[in-house]
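The same subunit A turns up in both complexes below, where it pairs with subunit B and then with subunit C.
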Partner chain A sequence: MTAALITLLALTTSVVVAHWRTRLMTRRLLIEEGVARAGESLWQGPGPGPQSELGGALFDSSDWAVVRREASPPCARRFQEERTALALEWLRQLRQSASSLMSNHAKAVRSSAALSVSGELRLASEFFAFQLLTGVLYGAVWLCGPFHVAALAGYSIDISRRLKEAVEDVLPARVSFAGTGVTAQPQQESRPAAD
Partner chain B sequence: MLGFAQPLLWGGNRMLSSAIWWAGLMAEAALLACAVRGRFLARYPLFYGYLSAVLLRSLLLVVIYQRFPAAYARTYWYSQFLLVLLGCGVVWEIYRRALHQYPGVVRMAQNVIPFLFALSASRVIAKAWESPKWLPGATTLETERDLRIVQAALLAGLVALALYYAVPLGKNLKGMIVGYGFFLATSLVQLTARNNLGESFQSAWQILQPTSYLLSLIFWLVALWSYAPAPKPQHESRLEVDYQALLKATRRGLGTTRTRLSRTIGS
Partner chain C sequence: MLGRLVHVEVEAAQENLRNLTLAKIPGDFGRLIYLASLRDYNAGEYHHAGLIQQFGAEVARDAILLSHREVFNRVVRCSIAELVRQIELYAASTHTLFADFAHTWEKLEPYRVIVPLGGDPLASRLFVCNVRAALAVLQGRQSRAPQDPQFALPRQ
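Up next is the complex of A and B:
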C-alpha cells in the first residue's frame, strides 16, 4: 500500500516536472526562433483558438519525409524538435480555447434559474472527454513527435471507417422487428458543424 | 480536535500536547472574540456554533479528566460524534453562504450533492446495518473516519461546483473551506493510519491530531479576522439569460473545436 502510494507520487511528480520542462523548452525554442514573444499567442485569425490550416500543416508529414531524406541527421532532428514544439503549443492553445469557452458559459449560466442539470452534465462530460483526448494527444506528440501521431490517428480513423462500412455491409439497411411493425434504420452519420 | 493532555503521553510529549491544547483554546476564543467585536457572529451561526461547541467540549474534558478520569475516554468519544454531526453544519454553512446568490449553481448542487451524499453514506449505512451495535465501524476510530469521508465528499462536491462555475467566495468562506478541508484531509489520513498501525501510532497521533486542528484554527483566524462576505454578483442576476440558446452555442463552439482537432490530426 505504502509502496504503491510512493510510486504513484513519484510518477505524478515526474509527469508534472516533464510537462513543466517541455513548456519551458517550447517557449524558449519559439522565442529563440522569433516565432513568438513571451506571453504572446502564436496564432492569428478570426475566431477562438488556433486555425485548422496551420494545425494541419504542423502535423503533415510530407515536409518531414523530404527533410529526413535530404538533410543531415542533426538538421532533421532540429526540424522535428521545432515541429514538436509548435504542435504542442497548438494543442495547448486548442485546450485553452475550449477552457475559455466553458468558463464563459459557466459564468453566464450560474445565475440562470432555467439551468438544466442534464444539459450541464452532458456539456461537462463532452468537455472533459475533449480535455482527456487532447491530454493524451499532448503526451503522444511529446513522446513520438507530431508526424507519428498524425499517422497513427489517420490509421485508426481509417480502420474505424472500414469497420463501419463492413458492419453496414453485413447488416441489412432496414431491420424489421418481427411482429412489432417497428423498423430500425442505420444511424445517419452526424457531422459536426464546419468551421 | 483538541484533547486534553492524555495519560498515555509522557514527559516532553505531554508538555508539548498541553502547549498545543492551550494554543488551540486561545485561537478558538480569539475567533469568537473577533466575530463578536466585528458583529458577524450571526452571519455564520452554524460555523460559530460548531466552534463554541468545540471550545466548551475542550473545557469540559479538563474538568472530567481532573474529577472523573475514568469517564474521560467515554466522554471524549461521545462528544466527538456530536462534533462530527455539528461539523456537517459547517459544510451546510459554506453551501448556504457560497451559492445562495447563484440560482443556477444551487439547482446543480441540489442534484449533485444528494447524489454524493448517497454515494458516500451508503457504505456507512450498510456497515451500520450489519453491525450489532448499530455503529458503521468495527471501532470508534473507523466510525469517525467513515463519517468524515461523507463530510469530505460533500465539501469536495461543493468546492468542485464553486470552481466550475467560478463562484466568487470572499475571504471568510475561502478560509472556512481551506481550514475545514485541511482538517478533514488530515483527520482522514491520521484516522486511517491509527486504525491500521494500532498502538504504535498512538503517541504520534496525540500530537499530530491537535496540531493539525490548531493549523485549521490559524487558517480560520486569518480568514475570519474581519467580516469579508462573498462579493455580490455585478449585473448577471439582472440579465434574463436564454439558457437553452447559451447551452446550444457552447456545445456548438465545443463541437467546432473538436472538429478542428479531428480534421488536423486525422487529415
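Up next is the complex of A and C:
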C-alpha cells in the first residue's frame, strides 16, 4: 500500500516536473525571441504578406503529424515548443492590432458628428467576442500547443476580419490590421460644410 | 509618372529573372538560396551582372529583392511535408552525400542567412523553425533507411 502510494507520488511529481520543464522551455523561447526582436532594427519595415496565411501555417496540424512520425523525439519536442512560442507571439500581435484599431477608432469617433449608436454597439460586441476568443485561444495554445486548436485560430481570424469590417462600416479610418494582413482603406470623411 | 515607369521596369526585370534564371532552378527552396546568394553579406545589396547590364543597378536590385521576398513568402507558407520535398530536391541538385549535406546544414545553419531583409520577423522565425524540422525529418528517414539511394547521392 505504502509502495503504491510512493510510486503514485513519484509518478505525479515526474509528470508535474516534465510539464513545468516544457512550460519553462516555451517561456525561455519567448524571452529569447523578444530580446532578438528588440535588436532587429532591419526588420522594422512592413510585413511581406498576409499574416492570416502565416496564422494558418502556424496552426497546421499536418506539420506536427509529419514531424512526430518521422523526426526524433527531442527534435519533435523542440518543434512543438518553438511553434507554441510562435503561435503565442502571433496571437499577441493579433490582439495588439485589434486594440490599436479600436483605440484609433475611438479617437476618430470623438471628432465625428456622424455617430451611430447601433454601429458602435455592434463594434463593441465584436471586439468583446474577439478578446474573449483570443484569450481562450491563448490559454489553449499555452496548455496544449498550437496543433490542436487550428479551428479556433481560424475562427479568431474570421472574427478579427469581422471586427475590421465593423470599424469600416461605423467610421472608416486608416488602420493597418497587422494580425490579419487587412488594411482599412482611408476614405473621405463626410463633414458638413462650414457654412 | 517617373515612379510608374520605374515600377514597370522593375516588373520587367522581375519577369526576366523569373523566366531566364529562376525557371531553371528546381523548387522554390533552391530559388531562395540562389536569390540570397546574389546578396552582398556586408552591404545587403543584390548584384546580378546580366540584370544590371539590361536594366541598370537600381532596377535590378529592386527586382531581385522583390523576387527574393516573393519566393520566401511561398516557402514560409508551405507545409513541412512540402518543405521536406523541396529540401530533398535542393540537396539532390548539390550532388553532395545527403549525410554530409544534413550534417553541414545542422552545424552551420546556413538557412538563417537566406531570409530576405525587411520582412516580417515572425515569418523569418517560422521559416527557421520549419527548415530545422524538415531537416530533422530527413535525418530521421536517413537513419531508418541508410541504404536508400535517395539518401546516398553519388558525388559527381
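Everything below uses one rule, namely that the second predicted complex is superposed on the first by the 102 of 195 C-alpha atoms of A that agree within 3 Å, B and C clash if a C-alpha of one lies under 4 Å from a C-alpha of the other, contacts with A are read in each partner's own complex, and residues count from 1 in each chain.
Here, contacts are C-beta pairs under 8 Å (C-beta built on N, C-alpha and C of every residue); 3 or more make two chains touch, one makes a residue touch a chain.
Here the structure is a predicted model, which means the values were calculated and not measured.
Enquirer: Go through the superposed model and pick first if A:Gly135 touches only subunit B, second if only subunit C, both, or neither.
Expert: Once the two structures are laid over each other on A, A:Gly135 reaches no partner at all.
Enquirer: Quick check on the superposed pair: does A:Arg110 touch subunit B, subunit C, both, or neither? Answer first, second, both or neither.
Expert: So A:Arg110 only meets subunit B here.
Enquirer: Once the two complexes are aligned on chain A, which partner has more residues of subunit A within touching range, subunit B or subunit C?
Expert: B
Enquirer: Name the contact category of A:Ala98: first (subunit B only), second (subunit C only), both, or neither.
Expert: It touches subunit B, and subunit C stays clear.
Enquirer: On the A-aligned overlay, A:Ala124 touches which partner chain: subunit B = first, subunit C = second, or both, or neither?
Expert: first
Enquirer: Is A:Ala150 in contact with subunit B, with subunit C, with both, or with neither (first, second, both, neither)?
Expert: first
Enquirer: With both complexes superposed on chain A, which partner does A:Val66 reach: first (subunit B), second (subunit C), both or neither?
Expert: After superposition on chain A, A:Val66 lies in contact with subunit C alone.
Enquirer: Can you list the residues of subunit A that meet both subunit B and subunit C?
Expert: Touching subunit B in the first complex and subunit C in the second, residues 48-49, 51, 56, 58, 60, 90 of subunit A appear in both lists.
Enquirer: In their shared complex, at which residues does subunit B touch subunit A?
Expert: 101-105, 107-108, 111, 164-167, 233, 236-237, 239, 241, 243-244, 246-247, 250-267
Enquirer: Tell me, which parts of subunit C touch subunit A in their complex?
Expert: Residues 44, 69, 72-73, 76-81, 84, 116-126, 129-130, 132-133, 136-137, 139-141 of subunit C touch subunit A in their complex.
Enquirer: Once bound in the complex, which stretches of subunit A touch subunit B?
Expert: Answer in residue numbers: 48-52, 55-56, 58-60, 90, 94, 97-98, 101-117, 119-120, 123-124, 126-127, 130, 133-134, 137, 149-150, 153-154, 157, 192-195.
Enquirer: Can you check the complex and tell me which residues of subunit A touch subunit C?
Expert: Against subunit C, subunit A makes touches at 33, 37, 40, 42-43, 45-49, 51, 53-54, 56-58, 60, 62-63, 66-67, 70-72, 75-76, 78-79, 82-83, 86, 89-90, 93.
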